[in-house]
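Letters A, B, C and D mark the chains in the order given here, with residues in each chain numbered from 1 onward.
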Amino acid sequence: MTATESRLEHLYADFAEAHLSPLWTQLGDLMPAAPTSQAVPHVWKWSALYPLAELAGDLVPVGRGGERRAIALANPGLGGLPFATPTLWAAIQYLGPDETAPEHRHSQNAFRFVVDGEGVWTVVDGDPVAMRRGDLLLTAGWQFHGHHNPSGRPMAWIDGLDIPFVHYTDTGFFEFGPAAVTDRTTPPTSRSERLWAHPGLSPLVRHHDTMTSPLAAYRWEHTDAALRAQLDLQDEGHPGALTPGHAGVRYSNPATGGDVLPTIRAEFHRVRAGIQTTPRRDVGSCVYQVFNGTGTFDLGETQHPVAKGDLVVVPSWTPWRVSADDELDLFSFSDAPIVERLGLNRGLAVQGAQLP
Amino acid sequence: MTATESRLEHLYADFAEAHLSPLWTQLGDLMPAAPTSQAVPHVWKWSALYPLAELAGDLVPVGRGGERRAIALANPGLGGLPFATPTLWAAIQYLGPDETAPEHRHSQNAFRFVVDGEGVWTVVDGDPVAMRRGDLLLTAGWQFHGHHNPSGRPMAWIDGLDIPFVHYTDTGFFEFGPAAVTDRTTPPTSRSERLWAHPGLSPLVRHHDTMTSPLAAYRWEHTDAALRAQLDLQDEGHPGALTPGHAGVRYSNPATGGDVLPTIRAEFHRVRAGIQTTPRRDVGSCVYQVFNGTGTFDLGETQHPVAKGDLVVVPSWTPWRVSADDELDLFSFSDAPIVERLGLNRGLAVQGAQLP
Amino acid sequence: MTATESRLEHLYADFAEAHLSPLWTQLGDLMPAAPTSQAVPHVWKWSALYPLAELAGDLVPVGRGGERRAIALANPGLGGLPFATPTLWAAIQYLGPDETAPEHRHSQNAFRFVVDGEGVWTVVDGDPVAMRRGDLLLTAGWQFHGHHNPSGRPMAWIDGLDIPFVHYTDTGFFEFGPAAVTDRTTPPTSRSERLWAHPGLSPLVRHHDTMTSPLAAYRWEHTDAALRAQLDLQDEGHPGALTPGHAGVRYSNPATGGDVLPTIRAEFHRVRAGIQTTPRRDVGSCVYQVFNGTGTFDLGETQHPVAKGDLVVVPSWTPWRVSADDELDLFSFSDAPIVERLGLNRGLAVQGAQLP
Amino acid sequence: MTATESRLEHLYADFAEAHLSPLWTQLGDLMPAAPTSQAVPHVWKWSALYPLAELAGDLVPVGRGGERRAIALANPGLGGLPFATPTLWAAIQYLGPDETAPEHRHSQNAFRFVVDGEGVWTVVDGDPVAMRRGDLLLTAGWQFHGHHNPSGRPMAWIDGLDIPFVHYTDTGFFEFGPAAVTDRTTPPTSRSERLWAHPGLSPLVRHHDTMTSPLAAYRWEHTDAALRAQLDLQDEGHPGALTPGHAGVRYSNPATGGDVLPTIRAEFHRVRAGIQTTPRRDVGSCVYQVFNGTGTFDLGETQHPVAKGDLVVVPSWTPWRVSADDELDLFSFSDAPIVERLGLNRGLAVQGAQLP
């Protein structure tokens, strides 16, 4: 060791002692040329997920304390943390016949999407919201919510939240509510829909929190009709769909036209049989769930066949595309509002994507 | 005349000569304590309007040049000008069997509302939009539009525009389009609805002019359902309606949640039989049309019984309320976006209103 | 007269009787191909204006009732109304030694611009604001304000307001305040400046009315420095100025970056000797005042030599340009916020302008 | 082990195998009642920092690859990562006489604040910006920037960035520029200031990226004057300061009035001798640097005397206040824009804070 090397070693030891850390030795890791997520692209098969949730239904009670029988996707690149991506949480939640998940509220924004089944009501700030196949149900930050299952059958669905992001940024609050749900009625339509699910119409008694959608349920029949219309219009020679054979809608806040949650964007895509989507890569991460059909996801260098219920995680800046074997219906959610509201979108999505 | 009076007289003559005008002699007229509109409250009876429109249908052809068989409300206080209020235009338009109103476009924002009948299509930037009872149809500024009537029956409706405002502010442009409409097909649903009339869903291929609603038709079945839901919720003990027995919706741009047109707000109100609304007065003017039912408008000191089709003009700052004999359905439009976007709303609407 | 003509004549009489007016007979006037303002381009010479104001100072007292010794430009095309354009008011105001213009407030937005002199304080919601040559002073809607002149000399300045617009739209309120001003101190700097006239710095105790600038005075030394910097940068080969030899700034609300008043835009332009500006025409009207220098305005077909203090009115859609004999400094204000906030700008400003 | 326990153990093993993780075993950690940051409150003494930076100046060259001689605060609670808080980076940067830090650009937003010294120019997108004591200098995301020191003396300052946040969210891009700076001139004033540092004035040639301030330098003389004015106004009985003896300004984007960077808020506070600030706690983290004076920070349960140059890190939801021995000037920066733009602010700042 030269004298200089020795002095440097002392300097670095003094840095550590003083809780300091030099930039120059770690620049490449901290500030790479493009995002290099620790999260990895991964597919969770519904055929594996659902039986485990069912088994948890037998073995693990649901109630105050644990609060929810939710089993989270733990991205293999994130060291066992229950995070689908650094910002997004995705879990399968399972509720047996006559079970109740108690009420609570938290800063974290949440939604549920139902790939199969029905029979559970989620009660959001006192409003009972039926959950049925294909529906997106919202629970925005700080709304009380609990679930109960008056049907004779178990039901499972996916939960999407910003738990990792809120955890990382130290911005989360949590409060317990009643152990039972506050309203056990089982109307087919929530009060939020009765007020807000009329296209292009807003109640004159206005909703004032512009960051939170006043609509708690986005029903499958509307999503399906909107996608069908885009493809029909395309067949008739009119604009509307994204690209040939590829339709898409964004779930939106009817009071603002913006995203349904302050940190989470939700979309639904339909890809016709035989169509391969345009390769793209985005700043920010995304989760897809197959709602119907079969196909193949290309995620960077690897290919993944997918079927109904499968969950696909696409980390930031991963090039990807999907090919539909038969007509493929895909629900998706992403952290795009975080990226866009903070000016971090470089707008390079499609150009940069190259796939084998 | 004193020397001073004489000098003053000379001064005022010099002012006039130099195209000058003193403030101090006319302050009260120019800047009153509260708005004192030259426009007066007035009611036009549908029973008088419709036969005149019908007669015009016999006598006046529709076509290039005159462009539209539209007969405007001329507020009795505005000296014969064809203006319902200083900012708003309201007219009955009449189209006979097989007639065509040629295509044109203009800066002025327009809508049509159908109090009765059906059978006409308005073609907006090439998109054929069926017109049916209870529908609100939009033609935002600078969109080409024409109307044609393939049905065997005449049809009449009301047009609402910002012609007086655009005229006064010297901001209007006008361009002729084809004498025939560009698409004579008669689909029940416009392409704009197929893309945008799904509650809480936006196409991923986005609409970029945020001032203009991408939705050309707001259908009666949705308006009716939204109003009914508010009153039902009220009966069940939940919020949603405006006041007891009074429900209301605002027509809104699904891409932003804002008003349907940059200068015009449109609403629909339902007042239950026996209910009298809260007196109010607003900065800015408004026009009501009775869609269903009977009742009485109090407009300042006077009372006006109304029935289906009647048009009621409420100038700025006029105290008013309505009482429903049987259930009263009211379409309305106003210049509220002008007032609000320019910071001219004093927020005194309800407090200041006193009625006999 | 044929039978049809006779029936038509009857119909038109019935229309008039029923307060109705047909569109087809007046379409061209109401909806011209491009704005055809009744207002005309016109120049008021300061050399004529100022002596008349001085004479009014001798003959007309200022005080409660008349409120202000303000003499308005009455556009020759507007039938004697005291309106510079359909939306804008411009007046010369004159205050003699030791005179006071009493306090009042109104919905109308106002500013003052000082082409010459000093010695008056305007007191805005209790904050005394010194008025000096080259300054822009704001009195936004509903702020109490009065003026007093503790100097031994008379002072004159121009007032700009949206009186015609507020009058036309029936949106104005007016309230008297104290006959004397509430604070007769004469500080060189207003409290609003002490809080807000620091570039890029906002007080942490925030100002909440985002439509109204919290800054009551825009001082000449800043305007002059900003214009000089743009031309210097241009000489050094850097961007910043508008076009060769033409610099311009917009007065802005430091809390939002937007216009200083909800309905009025204010700018200042500097044109170097020998430079002719690019011809342009705008949707909306504008008033210029020469602050320094001499030159020529081309307004449509006519040419107008101008010198210090002269006021130039440019109605909507009038093609115009200015040529500087010696360096020309121009203050201007316009109704651009009305046009832009209501989506009425067609963006054709420069392209459409043709001058002899 | 019972049969159930054994089945559960199998289930959890299956979860791990399938990259799944149950919520119910870790809810309290993931979703605490209030933020419980791993970051800890900590104070770095300038008297320790500066000599280490000086020593690094002797031992570590600056140049391409390492890019910057920056030594970051590594929060003792964050396991050695070079992060002041989970979202914010703070470092001392040191540049010796005649040294150059090469040009590069990155998505990360950066600023520099100068607690002492002068003589370095930072060149931002080709615009040379002098760095002097008390100045805040901006380098928004994706602007090329390098530094050079033509003075004969070394200079140190602090860098603030959103490196941890951008790293965590996988949103960062980085690109090398020239090894030398592109403009080695040393003007006292940057071109950005010549265009934008005029209070309430914007160039007519507009700046279009509304998320990025067009002003690269916020000079000490303005900050000092703004703070002095607030305290003077307070002495005169007028509003403006935060609380008795406590003045504060926010650095803002003159084109919008918003924060200077999309992810970082910067402020400056002045606390008079003998004053103790109101205790508060915020959602989101913050870093303070003492610019002048001495005092004591209460951070939760502990007390920390501070002097010029000391850096204080306040993690999310830590109750804190500061007491000034002599007049205390404090620069601060925080992640408040992240919290506010994503709707995560609970608005409980002051109420919840309790200190011994």
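As a working rule, contacts are C-beta pairs under 8 Å (C-beta built on N, C-alpha and C of every residue); 3 or more make two chains touch, one makes a residue touch a chain.
These numbers come from a predicted model, not from an experiment.
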Co-neighbours of chain A and chain D resolve to none
Between chain B and chain A, is it the same set of residue numbers doing the touching on each side, over half shared, or a different set? same
Distance between chain centroids, defined by C-alpha means - chain B, chain C (Å): 31
Provide the C-alpha centroid distance between chain B and chain D, rounded to the nearest whole angstrom. 52
Computed distance of Cα centres, chain D from chain C, in Å: 43
Which chain C residues touch at least two other chains? none
Mind listing the chain D positions that touch chain C in their complex? 191, 193-205, 213, 215, 218, 222-223, 225-226, 229-230, 232-233, 238-242, 248-257, 260, 267
Chain D to chain A touching residues, read off their complex: 4, 7-8, 11, 14-16, 18-27, 30-37, 39, 42, 44, 48-49, 52, 55-56, 59-60, 65-76, 80-82, 86-87, 91, 106-108, 141-142, 163, 165-175, 211-212, 262-263, 283-285, 315-317, 335, 337-339, 341-344, 346
